[in-house]
Amino acid sequence: MGYSIGIRLIEDFLAKTGTGRCVSFKETAEVISKIGFKIFLNIIPTITNWTSDGKTFSLIIEENPLAEFVELPDDGKSNKELWYSNVLVGVLKGALEMVQLDVDVFFVSDVLRGDATTELRLKLNKILKDEIPAGED
Amino acid sequence: MSSQNIINPSTSKPTGLKAGYNPSLGPIQLPSSYQSQIASKSRNIYDHSVFRRTPEVNLSSLSFLFSAMIEQTQQTSKGVQQLEAKLNSYGYGVGNKFLELITLREGKSAKRETRIVEVLQFIHSQVWKTLFGRPADGLEKSQDSEDEYMIIDNLPLMSQFISVPKDFNQLNVNAFTAGIIEGILDSAYFQANVSAHTMAADGYPLRTVFLIKFDHGVLEREAIRFSR
Amino acid sequence: MESYLSISNLPFFLDRGITIDNLVEQKQSNVASKKTSIDCKRLVTCAFSPQITVTSSANADNLASDFGFHSFFQLLKPFGDHIQHKFQIKDSQLVSRTADDFSVRFTRPLSDLLSIQEAEIKERNKVQLFNQHSFELLLGEYIQAINPHLRNAQKANDIRLQSTLKSSMYIKFFTKLLSSSLLTSFESLNHPVASFIVISADDPYDEARRLLIEFKSTKVPDFMNIEDILPLFIIVYDEVKETDQQKAFQLKDHIKKQLFTDAFTLGISTNKEAKSQLLSPPVLSSIDEELQNTHLTSIGNPTLPVSTITSIYQVLKDVIQRKLIPFMEKKIATWDDQVITPRKSLTGRFFSVSKKYFGKNPQNNNEQSSNYNIERGSYGFGAVESLTRKLADWSFMLRDYRYAYTSYELAKKDFLSDKAWAHLASCQEMAAISLLMGATNITSKIKNDTIDPLVDSSNYTFLSRCGLKTYALRSILIVSELFCTLRDGWTSAPAALKWVQKAIDDKSVGKIGRSLLLERMSYINSIYMSSQAKIILSKKAQDNEKENEEDKDKEEYEPIFNEQKIVKENMGTIGFTNNRKAALWNLLAAKDWDPVSQPLQVQICLNSTEDTYGGKIFAERDSSLYQRLLTVSQKHVRD
Amino acid sequence: MKELNPFILHSSLDIVEDIQWKTSQLYLKTIDNFYGYYISGFLTSGNIKFLLIHETKNEESIRQFFNDLNDLYVKVLLNPFYKVNDAITSPVFDLKVKGFAKKYL
Amino acid sequence: MTIYSLYIINKAGGLIYQNDVNPGLSRLTANEYLVLAGTLHGVFAIASKLTPTALKVSTPSSISGVHNSATSSITSSSIGGGTNSSNNINSNSTILSNYSKGALNVVSNSNTSGLRSVDTKFFSIHIFQTLTGLKFLLVTSPNGLNSNDGINNTGSNVDLNKNSEFAESVLRRIYSIYSDYVMKNPFYSMDMPIRVDLFDQKVTELIKTLS
């Protein structure tokens, strides 16, 4: 579900913000946090935990509007198996793929599970150069 | 949590004892160690205030989510009727809960609705304002049948970007909103069926009429309780 | 013989394999019916019907013993319960009304009655309607008798039979509460209105004369007047003997001419081949009588030839229509002239005021200002007060409830100023009952301003001033049932509940009685619904039945259905029923029954809460009272 | 007596469902009694009933208790894993309710 | 300038939308439209290769994880904000516009080295490409001319620039409408022909306000 939102949402994002192509993945991170999250969820996650190769970073989500008043069921499974806000993963993946970035997105922790923070990790696999539309360089 | 260590004298089941209310056991006094364990949990939803006005949600986010919901529902539905029924049922749960939230936020002036017309006005104004930022555009009583009322919205917020293809015979995706209304009415004991119908008017191609059909019992009650 | 009164004879019929279809409640599913309260109201009519003593000659008794009865009284007794006929009765305004049936209560000869309770009478008013121990014993035996049938009904899942059997327990209880022929000074309902002198055609005229003289010279307490009892001869003859009828007619003429007393002939067939019919046991026999019948003098299967049964009913119709009712009407008219009219006149009013005024003056001699004999706790039979009360009672028996009520109200004032407490309490009781008997609906104003104070005061006086616990109990339970019969359960049930609750709190019943009262609380709550709600529910129940039948033909289809939808079927009637209260009281009753000796009663109480508690987690969890009682009762029910 | 409590409260629902049409207040005050026990009620706009069986009358404290409970209940509702009419099994909720009871009752 | 027609071409070169918003152009057959779209798509790609190598900025290898950079030349075509067509981001527009003044280039037309316009004597085609590879095409009257002048005049460069800027702003607004009424419509399947009433309506309304 997130993915299909992502591939549509990117058009809205581009059309409304007029954002251009990013120079670096660092810039991409900034755009995701300070424009993307800000517009769509009205929060600005903290960008942190960059790997040295600059291809992986984390978004720390302080106040997750999706998870407000959510209490995971105490069924012994949800705490281990369910990433409640996983829709974000799909959205990011779909949206970035549309701008030719193949990125792995996954949660590593969630306060809903009793973790201290909610951390979303993004890892750049490759730039899909073949798909960059002609006329863009 | 090692629940196995706790021996509970009042039940024959030695295991499976957990903190929190268990309806099949009834209220049980738990050892205080449990309480401190729970209390020490860093985060719980009950410490948040429901009065904290959450920033308004971006319409785009809402629209994409709504759209994705419709798309996914459509894929699992056998026809327009079923699709509408499902959308209705999604809204229904929202309605059940939303009613309580609105009432709570009214604070001291909170009240329950007891009359048909009053509950409809409540939905027409308070509910619409809270959900869509403005009151609905109309509230009418059906001329034909005693048990039918209509709430009218010239440009439903949720569906403003959605064009329904011609082959989706009569579909109105505001079935979701209809579900919210139905959820509110049912939980307020004004049992009803609510459906959304597109009735375009000049300049309002998406104008939607929410048709509310009350259960016969609701009218009977109104007659008995309030006839004098 | 199976009149509606026979509901408390259910085990008698069931034991003998007699069908009881017309006694089984035909109630619509889920909508509680007031049938048992209506039965109770009819029982009140019967219980407060004219009492007729039966004296019989040895020859007459011999005839009765041919059929297995010990006396002619015993033979007649069951016939009094319910006599169907269009009886014409004139009210105080001389307007004639028709009653579809009439009852009379046959009792032993007056002298017997008096000697039996002589000892008690000496203790001045401290007489109780029943002995607690005997009552419990009788109820216990009744339950024993219905238990096998109840168990069968339960097994066969015959809900209607089960609920009929179950409610018959309370009817039995209620009937016995009303079935006393105790003679007291403070009420004249049990004072005989007529005396049957039953002789045989074989008896000589002298025997008839002797019996009449004996009757006339019966020594009665001074609150009774033998002149107010109508003597009537019943001359029985054997239809099989050809000359007997002739003899009977001759005797009848003789008696009329010489003794100026009316006589009726009654043909009885001793033909053993004649088609005969089983007589059901009398309904309104007192607790002691019934215990005696079952333990000492069991008659077994009393039968009479069908033709004889018809003859007896025919004679009773004649006697009642031609003699008894006119006799009572005439007496009432006379007393009205004597005591009511003067009191209602201007001087009468002045008299009563002055009497009240001076009566309180301690210098006045009490005996001169009041007819009340404090020592005996009674009024002489000729006293204005006695006559007023008697007039009211007889009007009540003739079902002129309005007139009865005004007369009770009149008498009440005198009893109050005389501090004749038992008289007062009884009079207030009957005033309230008269109002309720004559009404199908009662405004809350009448209830609050008139009935409630009457019952409150009567109950208080019976209990606190007179120590008449059993009378107090009888009065509030009658009042409660009568409230239940009113049209709008919504306004009347609270009053009914209040009085049953009071009966429980007063602890004036035994263990079984208490359980039955708890069950009654449940019943009243189940009819505690507004009349509009009842209409809606009844219609819904009918529709459902129809639908169920139609559904069988319909093919299954997959509906488009929101499974979260909170479906409430009772939008129209919400808050207008008290089924959950009813379930609570049934649970309390289940808890009250002894699980070891009465496990079936526990179970049936619990079963009837199933609609309410079934599927409710709080009720079905292991530790809940409901679940525990269910488990315990199951352990003790044996097949 | 204690074993009867849930049944007594359950039976008071008959009363609640009657008087709820006579007032639009959420707090219904003392609505019923049973052999010396009082039953106080609170009804949310969605017809969730809060019932309390108690021995002494204390209208104001019970009002505050119910108000806080309502707030807490709405938080339960806002949890997407909770559906109206489900049993509330959250330990934290349980603890909070007990806390309110200690505070007000 | 008169706008005759709007085409939308998906990233695979398929024509997914064609709307003659104003009369004036001769009509083609459905198949001819598809061929035209495909051809323009192909020509666009090949033409982009014509860009002189001297003007190409090579990727600085020092920045890891970076793809082809946007060149400085595109800044001139950037139009800030872009929130004019819809109210939905209003609450954030302040932050956004502040932000767009910052280090990031705010562009939307990723068409830097492809064909920007095709001019004939009787009409011009303006091409706008999104970062996701969609092409929005506008067929208008010839640059600098009113179509019914009938005089063959190529006009000045100033006019030409003006027209392209105007066309691009129209296309950007159409992109915005597209993002609202096509992307947020659950009944639209990605990359498929657009048959969406509200999109038609909104485009027509927009064009009407322009003429």
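For clarity, chains are labelled A, B, C, D and E in written order, and residue numbers in each chain start from 1.
Simple rule for what comes next: contacts are C-beta pairs under 8 Å (C-beta built on N, C-alpha and C of every residue); 3 or more make two chains touch, one makes a residue touch a chain.
The chain lineup, named per UniProt: A = Trafficking protein particle complex subunit 3; B, E = Trafficking protein particle complex subunit; C = Transport protein particle; D = Trafficking protein particle complex subunit 2.
Computed from a predicted structure; not experimentally measured.
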(message) If you apply the touch rule, which chains end up adjacent to both chain D and chain E?
(response) A, B
(message) Quick check on this structure: which chain has its C-alpha centroid closest to the centroid of all protein C-alpha atoms?
(response) D
(request) Look at all chain centres (mean of CA atoms) and spot the one farthest from the centre of chain C (Transport protein particle). (result) E
(request) Have a look at A-B versus A-E and report the one with more C-beta pairs in contact. (result) A-E
(request) Return the distance between the CA-based centres of chain B and chain C (Transport protein particle), expressed in whole Å. (result) 57
(request) With chain centres taken as the means of their Cα atoms, state the distance from chain B to chain E in Å. (result) 43
(message) Can you work out the whole-Å distance between the CA centroids of chain C (Transport protein particle) and chain E?
(response) 99
(message) Residues of chain D that contact two or more other chains, please.
(response) 6, 20-21, 75, 78-79, 83-84, 87, 89-92
(request) Pull out every residue in chain B that's touching 2 or more other chains. (result) 18, 20, 23, 26, 41, 44-45, 48, 50, 55-56, 58, 60, 64, 67-68, 71, 93, 96, 187, 189, 221
(request) Can you tell me which residues of chain E touch two or more of the remaining chains? (result) 88-89, 91-92, 180, 183-184
(message) Can you work out from the touch definition every pair of chains that touches here?
(response) A-B, A-D, A-E, B-C, B-D, B-E, C-D
(message) For a test of understanding, state which residues of chain A touch chain B in their complex under the given definition.
(response) 1, 4-5, 8-9, 12, 16, 39-42, 65, 68-71, 74, 111, 114, 116
(request) Would you tell me which residues of chain B are touching chain C (Transport protein particle) in their complex? (result) 10-12, 23-26, 81-82, 85, 88-89, 92-93, 96, 179, 182, 186-187, 189-191, 215-221, 224
(message) Considering only the defined contacts, which chain A positions touch chain E in the complex?
(response) 7-12, 14-27, 30-31, 34-35, 38-39, 42, 53-55, 98-100, 124, 127, 129, 131-137
(request) Could you pull out which chain B residues touch chain E in their complex? (result) 55-56, 58-60, 63-64, 66-71, 74, 161-165, 168, 173, 205
(message) Per the contact definition, I'd like the list of chain D residues that touch chain C (Transport protein particle) in the complex.
(response) 3-4, 6-8, 10-11, 13-14, 16-21, 83-85, 87
